[in-house]
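Below you'll find a set of structures to go through.
Shared chain: chain A. Partners: chain B in the first complex, chain C in the second.
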Partner chain A sequence: MTIDQGTAAGSAPPSLIPAHTMALVGTRLRGPVTAVIAAKEAQRYAQAVGDLNPVYFDEAAARSAGYDGLVAPPTFVQYALVQGRPIEETRTDGLFQGDIPLDLAVQRTMFGGEEWDFLAPVLVGDEITAETRLASLDQKEGSKGSFVRITRETTYTNQAGDVVARTRQIGIAR
Partner chain B sequence: MTPNQPFIDDVAVGQELPVVVRNASRVQLFMYSAATWNPHRIHYDVDYARFEGHADVIVHGPLQGAWLSQYVTDWAGPQGRIVSLSWQNRASALPELDYEFRGRVTAVEGDMVSLDVWEQSPDGAVLMPGQAAVRLPSRS
Partner chain C sequence: MALSASNVSVGQTFEQVLVEDLKRTQLVMYAGSSGDYNPLHSDEPFATQVAGYPSVFAHGMLTMGMTGRVLTDALGDGRLLSYGGRFTSQVFPGDNLKGVATITSIDTVDGVPVATFSISTTNQDGVEVFSGEARGRLDS
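So, the complex of A and B:
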C-alpha cells in the first residue's frame, strides 16, 4: 500500500484532548467560594501593582468620584477569592497541586490572557461569591505545533445577588 | 471636576492616549506574588526560571493586565468607568526593562468609548494587545 504524501500532509494532527477531558467542558471547576472584600488586601494589591488611585485609599475621594464607599481595583476581585493553602501542597514549580488538573497531552500551560466584563463596582465590605466553569477547550495549530486553548469563565456575584464581574481566563497548553 | 477628567464630548475616533512607561523591579514582582498568594517560582527564583527556559524571572501576565487596567482607568478619570477589558499575553516580559503602554480610540457611541490598548516591548514589538470600553461623563 502506498501512502499518498498529499493526504498524509493534510491529515488531522493527533488530538491533545482526551474524550474524558473534553467531557468536562461546561462543568464547574471551582466554587462557589465566598469572601468579603477587605480594604487592607485590596490596598496591598493596588500598591503591588503600583496603582495609587485615591478611590482605593481615601473614602472621601471614592465618594466624590461617585462610589458608595472605598472601591477595589477592578481586577482585584479574583485575588480576593484565592483560598489559602499549606506550603506542603506546592509542587516543584511552586504552584499548588490540585484545582482539578485537566488531563491533556501537553508539557506545560502558560497564561494567555484575560477578558473581563465589569458590570458593577466592587466595594470594600462587599461579600463576593465566585464560581468557575470550563467554558471551552479548543485545539489549534500554530507555527510551533499544536496547542490547546483553555478558557475558564468565572462569575462574581455580590451579596445582593448582582453579577459584578465576569472573566474568561485563557490558558495556552502545548 | 478634576482637571484630568476627559469628557465624552471631547473624544474622537483616532485620538491617541498618552504613552505610559512601566518597569517592574524584582521587589515589585515579589510583592505582587505576595499580594496575590502566587507561589510560582518563575517570578522570584532565577535558577528555576532558567530551568524552565526563561532568560530571567518573568513579570506575571496578570500584573501586566493590571497595568493595562490602570492605564485605562487613569485615562478615564475619577468619573469614568471601565466596562470591559481584554488582553492577550503573547510572550514573557522581564524585570528592569521599560515597557510602553499605548492606546487609541476606535469608536465613540453614546457615552461609551472603545479603545485599542497595548503594551510594547523595549524593541517596539506589541507584547500584549488588548481592547477596552469605558463610559465617560458628558459636559452637559
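So, the complex of A and C:
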C-alpha cells in the first residue's frame, strides 16, 4: 500500500486517501449481483438474530398477515446477496466484500453503522439485484488519530423492478 | 398487534430483553447466516493476540438485527420504514442486552401516521452499545 504524503502546510495530518481512491467516489464498487431469496437462508438468519416471527417460518401465517408467501427478515436481503468465497479468498480485515478494493493508508476497517430504508416487502422466491456505489470518503481527526469514514450505498431491486430497500453502510478505517 | 395512531404518544417506550448471556455459538450462527466470516467474531486467538481485543465480539449487525425486533414487534409486520444507527461499544460473549425504543415524534406523511423512534441498546453495565433511529407506519 502506498500513499502520497504530499507537502501539507503546517501540522495538517497526512492524507489517508490516495487520489486514485478518492477518484472512485460516486462509482460502482459491486454489482449488479442477483440472487433468489431462499427460505432456509432467511430462516437461519432470523434464528441467528433471535427474531422468530411466524411470517418468516409459516406460510399460512404469512398469508393471513396479507403477504403472498414467506417474508424475509428486514435486514436479511443484504446477506442473500453475499457471494460465497473459498477460504483462500476470505479477507482477514474488514467487513466489506466489494469487488473493487479501496486502497487506503490504514491498518483496519471496522463497521461503524448502517442506515436502512425499507420500501417494499422482500418475500421468499423474490429475485433481488443489488448494486453498491461508493457514496463518500471523508478523512476525520479523532481522539485516537486520523481515520477515514467510508459510506457505501446499496440499492436492492426486485424482479418487478421495484426498489425494495436502500442501505448506507459506514466503515471506519484507521 | 399493530400500533394505532390513536393509542400511542410521544415519549412512549417499548423495551425488550434481546439476549441474556450471549453465546459464542450465536456469533457463529450469525457469521454463517450472514456470510460475514471476519475472524474478530469467531477466532479467539486472532481477536485477542493479533487484534488486541479482550475476546471475540459480536458483529454490529447482530446487535442491530436483535434490536430490530423491538421495532417490528411493536409496529407489526411490514410497517418499518427506516432503521439506522451507530455501534458505540463492543458486545462480548456473556453480555446481556436490552433494547429500548422511544417515540420522539408522530407525524402525518402523505396522509399516513408515521412514528419516529430513538433506539438505545445497552449491556448489563448500562453501557450503550448501539444507538439509532427508526420510523414506522402506524394504523390510522
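As a convention for this text, the second predicted complex is superposed on the first by the 154 of 174 C-alpha atoms of A that agree within 3 Å, B and C clash if a C-alpha of one lies under 4 Å from a C-alpha of the other, contacts with A are read in each partner's own complex, and residues count from 1 in each chain.
The criterion applied here is as follows: contacts are C-beta pairs under 8 Å (C-beta built on N, C-alpha and C of every residue); 3 or more make two chains touch, one makes a residue touch a chain.
Given the structure is predicted, the values throughout are model-derived calculations rather than measurements.
Colleague: After the match on chain A, would you call chain B and chain C a fit or a clash?
Modeller: clash
Colleague: Mind working out whether A:71 is in touch with chain B, chain C, both or neither, as first, second, both or neither?
Modeller: In the superposition, A:71 touches chain C alone.
Colleague: Should A:58 be classified as contacting the first partner (chain B), the second (chain C), both, or neither?
Modeller: Touch partners of A:58: none, neither chain B nor chain C.
Colleague: Quick one: is A:127 in contact with chain B, with chain C, with both, or with neither? Answer first, second, both or neither.
Modeller: Neither: A:127 stays clear of chain B and chain C.
Colleague: For A:115 in the superposed arrangement: first (chain B), second (chain C), both or neither?
Modeller: In the superposition, A:115 touches chain B and chain C alike.
Colleague: Which partner chains sit in contact with A:103 here, chain B, chain C, both or neither? Use first/second/both/neither.
Modeller: It touches nothing on chain B or chain C.
Colleague: Would you sort A:170 into first (chain B), second (chain C), both or neither based on which partner it touches?
Modeller: After superposing on A, A:170 lies in contact with both chain B and chain C.
Colleague: Counting contacts the way the document defines them, which residues of chain A are shared by the two interfaces, the one with chain B and the one with chain C?
Modeller: Residues 41, 44-45, 47-51, 53, 55, 65-66, 73-75, 79, 82, 84, 90, 93-95, 108, 111-118, 121, 170, which sit in both footprints.
Colleague: Mind listing the chain A positions that touch chain C in their complex?
Modeller: Residues 41, 44-45, 47-51, 53, 55, 65-67, 71, 73-75, 79, 82-84, 90, 92-95, 108, 111-118, 121, 168, 170.
Colleague: Could you please specify the touching residues of chain C with respect to chain A in the complex?
Modeller: 18-19, 26, 29-30, 32-39, 46, 51, 59-62, 64-66, 68-69, 72-73, 77-78, 80-87, 132
Colleague: Provide the residue numbers of chain A that touch chain B in the complex, in ascending order.
Modeller: 41, 44-45, 47-51, 53-55, 61, 64-66, 73-75, 79, 82, 84, 87, 90, 93-96, 108, 110-118, 121, 170
Colleague: Mind pulling up the chain B residues that touch chain A in the complex?
Modeller: Interface residues on the chain B side: 22, 28, 31-32, 34-37, 39-42, 45, 48, 52, 60-63, 65-67, 69-70, 73-74, 78-79, 81-89, 128, 130.
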